[in-house]
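All chains are identified by letter, namely A, B, C and D, in their written order; residue positions are counted from 1 within each chain.
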Amino acid sequence: MVRKRTEEICSTLEIEDYVVQPLADVSPPKWHLGHTTWFFETFVLSPNLPDYILFNDSFPYVFNSYYESFGARVIRTNRGNLSRPTVQEIYRYRRHVDEAMEHLLSQQISDELDMLTILGLNHEEQHQELLATDIKYILGHNPLFPTYKEISNAIIPNSPSNEFARINEGLYYIGNNRDKGFCFDNELERHAVFLPAFKIAKELITNAQYLEFIEDGAYRNHEYWHAEGLDWVKNNNINAPLYWYWVDRQWRNYSASGLQPLKLNDPVAHVSFYEASAFAAWKKMRLPTEFEWEAANSQFDWGSRWEWTGSAYLPYSGYSRAAGPIGEYNGKFMVNQMVLRGASIVTPPGHSRSSYRNFFHPHLRWQYTGIRLAQNIDPALSIE
Amino acid sequence: MVRKRTEEICSTLEIEDYVVQPLADVSPPKWHLGHTTWFFETFVLSPNLPDYILFNDSFPYVFNSYYESFGARVIRTNRGNLSRPTVQEIYRYRRHVDEAMEHLLSQQISDELDMLTILGLNHEEQHQELLATDIKYILGHNPLFPTYKEISNAIIPNSPSNEFARINEGLYYIGNNRDKGFCFDNELERHAVFLPAFKIAKELITNAQYLEFIEDGAYRNHEYWHAEGLDWVKNNNINAPLYWYWVDRQWRNYSASGLQPLKLNDPVAHVSFYEASAFAAWKKMRLPTEFEWEAANSQFDWGSRWEWTGSAYLPYSGYSRAAGPIGEYNGKFMVNQMVLRGASIVTPPGHSRSSYRNFFHPHLRWQYTGIRLAQNIDPALSIE
Amino acid sequence: MVRKRTEEICSTLEIEDYVVQPLADVSPPKWHLGHTTWFFETFVLSPNLPDYILFNDSFPYVFNSYYESFGARVIRTNRGNLSRPTVQEIYRYRRHVDEAMEHLLSQQISDELDMLTILGLNHEEQHQELLATDIKYILGHNPLFPTYKEISNAIIPNSPSNEFARINEGLYYIGNNRDKGFCFDNELERHAVFLPAFKIAKELITNAQYLEFIEDGAYRNHEYWHAEGLDWVKNNNINAPLYWYWVDRQWRNYSASGLQPLKLNDPVAHVSFYEASAFAAWKKMRLPTEFEWEAANSQFDWGSRWEWTGSAYLPYSGYSRAAGPIGEYNGKFMVNQMVLRGASIVTPPGHSRSSYRNFFHPHLRWQYTGIRLAQNIDPALSIE
Amino acid sequence: MVRKRTEEICSTLEIEDYVVQPLADVSPPKWHLGHTTWFFETFVLSPNLPDYILFNDSFPYVFNSYYESFGARVIRTNRGNLSRPTVQEIYRYRRHVDEAMEHLLSQQISDELDMLTILGLNHEEQHQELLATDIKYILGHNPLFPTYKEISNAIIPNSPSNEFARINEGLYYIGNNRDKGFCFDNELERHAVFLPAFKIAKELITNAQYLEFIEDGAYRNHEYWHAEGLDWVKNNNINAPLYWYWVDRQWRNYSASGLQPLKLNDPVAHVSFYEASAFAAWKKMRLPTEFEWEAANSQFDWGSRWEWTGSAYLPYSGYSRAAGPIGEYNGKFMVNQMVLRGASIVTPPGHSRSSYRNFFHPHLRWQYTGIRLAQNIDPALSIE
């Protein structure tokens, strides 16, 4: 099921779309297809299926992403330079590994193997999201602006309520409580966090609201920006979210169905942490911390945009890096990145949860990243 | 007094030493002398002393550091390209401003002006520390390894006790409580943080202990490193702390008195966050968070090294950026940096306190940065 | 015929091979297919065929190479980021333009139009050579080392004669004399050059001879190198020609038929000007100037390797840049490049001639570049 | 005498001016003082004066410029990072070496030693020119625009004659004929060059003439530029010669006496090869080749500007690189640079001659570089 969904995401692509890497962070779709397969081959099949034969001796080198434990690999920025293996060959690779997995899973397997298989599927779901956003980047930066396909209009249009939920001061338990199935190691250990009272917006910021920020000249007003954010704005001539194009004196937005007039009531997407943070400062508010977000998440709908938080991606109290290659999964990225919470319209169904921690460098915005605001409640005014 | 101390730090320099900028982060000493003076001229004198005349119309351009509010400035990496104004002229500038300040302070002044003056003195103290470390960088990277001067051996030699203080789980109040005089805005607001039980080392890691880490090949073992830390190690051929030189088959250390044999019992200094974090991982421990550090700081001696914490530099709950240029002092740097706590042997006397938050990018190490370890106390083993 | 040959060069490619750009200088094959077509559309059809309709309004933007006269274009390093137009669509573009050209040429056409058509075909032949070498780069840098196809063994194996032709001092006429059909503007004007007596090798340097240079440690001996050449060697860890791989303790060479043992008697290929020049210095000789080469070319066989000369690419006496976009063809590159003479095994038949001037930056070597030596004849020893 | 002149050039400097390196190509004045001294120490004294003692063991490392033969050295871009040795110490170094040289020269010395001493003095004269232009760069890029000193108005004001000298077709002997004293190896061997008839301007281009080029928008018209020249213009926002500042709606020019109104009749200075070449194209003329310049030089006054030629810096016929370190003097730079002929107002008296070849990369312009035009004489029109 999960494996099939990856291929469905690619069903409208041309062969050429599978190959290119227009940004270091954007991997070629064919690389995602191979890498998610390599994960099963390397972590599950090779060590556990006695007579398993590698599909191709060079693929471990080609499809390793960042696991130092497995030695040499194609450097990330070179993924788009590889025309081979072909797309067809990679699909054959997927068949080969899927059949071996079916064979393995038809037997009695250990708990550890079961856990690794589930990790492999969750890993593939993570890549499904990246695959969708990488495809959007590839097509949305092509001068021909090709259509991908109509995405269901599942986005709940933001009502203009501007309501906030009020959360009381108190001790909250944060992190996955392990009783609801799989979670990543970075969601552990569950631990207590003390939170002062705060308010958090019930809706995401819309394109219309973000447009006011632009029209107020906020991209050029240093007061709202981190110093590194302002450098990023200046060095890259940033003046709007990614995929906004100023054409014929109006803003257009590249979406799966091509270049379209901006939908003002949609939640804004594809903003960097710097932009989200500057927007909040312009509103005289702030982004919620990831702890606030998790404590309050039952008070609002979420799931259409990954939401930037004001929290740096750091280990939870009690976190420990697993032994061996699996230990490289999360821990080694816990510096210089910011946490996002929620999920987005391209997150696979069932893949997210309230304890889920996504993370990116603060300048990145090719994911469906959005903005939810929060605000302190001044104790003195708490009877408001 | 404070102003005089800045000049004393430079008393053994040659004119040439005042001029160079061997690293973007290392400013020429003469720039520090001018910039700390510009701060008083710009924030205190010009707006408040009616007949104040600028010493030189170009100096605001030359000595502004990063205040966007004051417009154009010499870009940071160009500071070392300016031979003028001369050192002598900058000392004259200091006299000019000091006299005007004396004149101003001889009058009745507002609380705000008093606050600004105190901020100016604390700002200058911060630059005294940078001045000392920048001078060390300038001399310690010169192939002649000139002597600066003997620094008093005030470093308390680490006893090899390896003792840990145990801190109980509970709610701790973190941040400056405003009742002990000046603090920076980033130490506010004081707020409650819940901490699980933990242990924290009573002593800093010594050169001898760090040497074991090196000799174990830990610089080449990816298991201990952040991914970005490992890139930093590889790209810069890092294999020891800054100022360690492998000469004639032994480690030597550049210090104020020149190139000297490594003192094994001294606390290690001049390591990056990446190195501190990798060292902790190698020891199967971790760095304390800044909250743990502040909660526990009365249990150990500190003050010889700035100590890397596991906390990213973020605003405290309740922090708000001041209006106007003063608002640029701290808030705009709250991304991509890690917090250091404590103080170092070149911190001006009286300048630090337990709530003080220093911060640097994780790869920087020209400050006297050191390592203190912490560890969780597993609740199940808490009767150990 | 010429148009068809371009497509034949691609006949063994997979779709994916058409798309990638592993080096800024290496364009995706599909870009070559489109650009050579755009040339006819832009220079011949649009201005001359009254009812000609552009195949696609965006293609002029996508397929312009460097003509400032035609405004905006995809920057060169982005060519490999474009998955669209697809290969199939570009072949349709070729059909569209070919049919319009046939229509145009079936009419009475002006001399100028005839000249432009011939220029278009020569332009396409130049791109055929680049196409062949770009494909080699794409496949030869893929970790799977795919086979392209067997290239006929038309390379005349170098006999180990080491003979030199002796050329007398005198006035030689250099440049195209316009009586043998088409030539590029950079081959004009034909002009007199005085040459002292010299010797020039009858054969190219072989792989075996180049191997001696390597084994003598010459890549690490500064005496043979230009200063910028030595920097290039050090910064890129160069220790052999391009496509030489040291595998299992022997040198292998990537060729159209895959990774093969090095053929010792083949002329060395894929060396930079820096390497060619250092090799000559190591032999205590020098490279011929382009004038010497042209004056002597009837004395030896040439055509398997482009041969680096000691001449910078500069305008000939009497050269003048044509008016309009055609003037951008050659003249604007006449700085910082070195001249190559001859032709290579992938030069289209009939495309070269003794007055032909090829040119590349001195560090480039993805063309089939080789080495021919020359030497002064000391007048005093001329009776040798 | 020569040695003293170097110090006189520095006589108006502040200590700070000796230290900085605002551009990789601009060395700190104190480095020039030390390097020219190191040359005598290394090439003359150490090998020839039996009991000579190095002034300081580290100086060979500090003051080697680019001689690979002498091993490790401070990398060029780091020269401005070295505050030590101090200026005073370098002057002591100069005394030490001068005295040893006097001692050596008071004895009977070999021809080779005599030759080396003369080379050392010529080397120092070359550095005197660089010293003067580096000082200009240091002061002329300082926001305070300090005065250096009044340079004598020895520039012969260009009369507006616009006259050209006509030179007949023929064989000309180019290169130093060794009968007039010292020359550099790159001026050899003297050899015959055939030149078609040409015209060459009797005067240099003036600021007024260059201003027309600017005002015609020529910096933005691609037709006049090399492709790499246009990139240079765009990437560096070039719109005028170096040291031209647009202040208060008029052009000002930084000169030794500070920022001054542009002198319209002075020959233009501080243009790059790209600019010189574009200017010539705009005038529908060209730059002379270095051979034309040398053949014609008795027909015009020269010496106030180094004049860009259209010739790449390549070895003359018969040139051979000397054995040993002296062989590194010139030959290894013979790629990617263009030849300048003449001399400039800061060339030491007696240092230049008609066979002298100066050379720089085409984008550099911190020397006193100017423009002289040339033109073919169309044989058909030769009776004009």
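Operating definition for what follows: contacts are C-beta pairs under 8 Å (C-beta built on N, C-alpha and C of every residue); 3 or more make two chains touch, one makes a residue touch a chain.
Keep in mind the model is a prediction, meaning the values are calculated, not measured.
Peer 1: What chains, if any, are shared contacts of subunit A and subunit B?
Peer 2: Common neighbours, subunit A/subunit B: none found.
Peer 1: Tell me, please, which chain's centre (mean of its C-alpha atoms) is farthest from the centre of subunit A?
Peer 2: Farthest chain from subunit A, going by C-alpha centroids: D.
Peer 1: Taking each chain's centre as its mean C-alpha position, how far apart are subunit B and subunit C in Å?
Peer 2: Chain centroid spacing, subunit B to subunit C, equals 56 Å.
Peer 1: Indicate the whole-number Å distance between the mean C-alpha point of subunit B and the mean C-alpha point of subunit D.
Peer 2: The separation of the two C-alpha centroids amounts to 45 Å.
Peer 1: In angstrom, rounded to a whole number, how far apart do the mean CA points of subunit C and subunit D lie?
Peer 2: About 35 Å, centre to centre.
Peer 1: Touching two or more other chains, which residues of subunit D qualify?
Peer 2: Expected reply: no residues.
Peer 1: Per the contact definition, I'd like the list of subunit D residues that touch subunit B in the complex.
Peer 2: Checking each residue of subunit D against subunit B gives 14-22, 30, 56, 58, 61-62, 74, 78, 80-87, 138-139, 141-144, 146.
Peer 1: Where on subunit A is subunit B touching in the complex?
Peer 2: 66, 68-69, 171, 191-194, 196, 222-223, 225-230, 273-274, 277, 281, 286, 310-312, 314-315, 317-318, 321, 327-328, 332-336, 338, 362, 376
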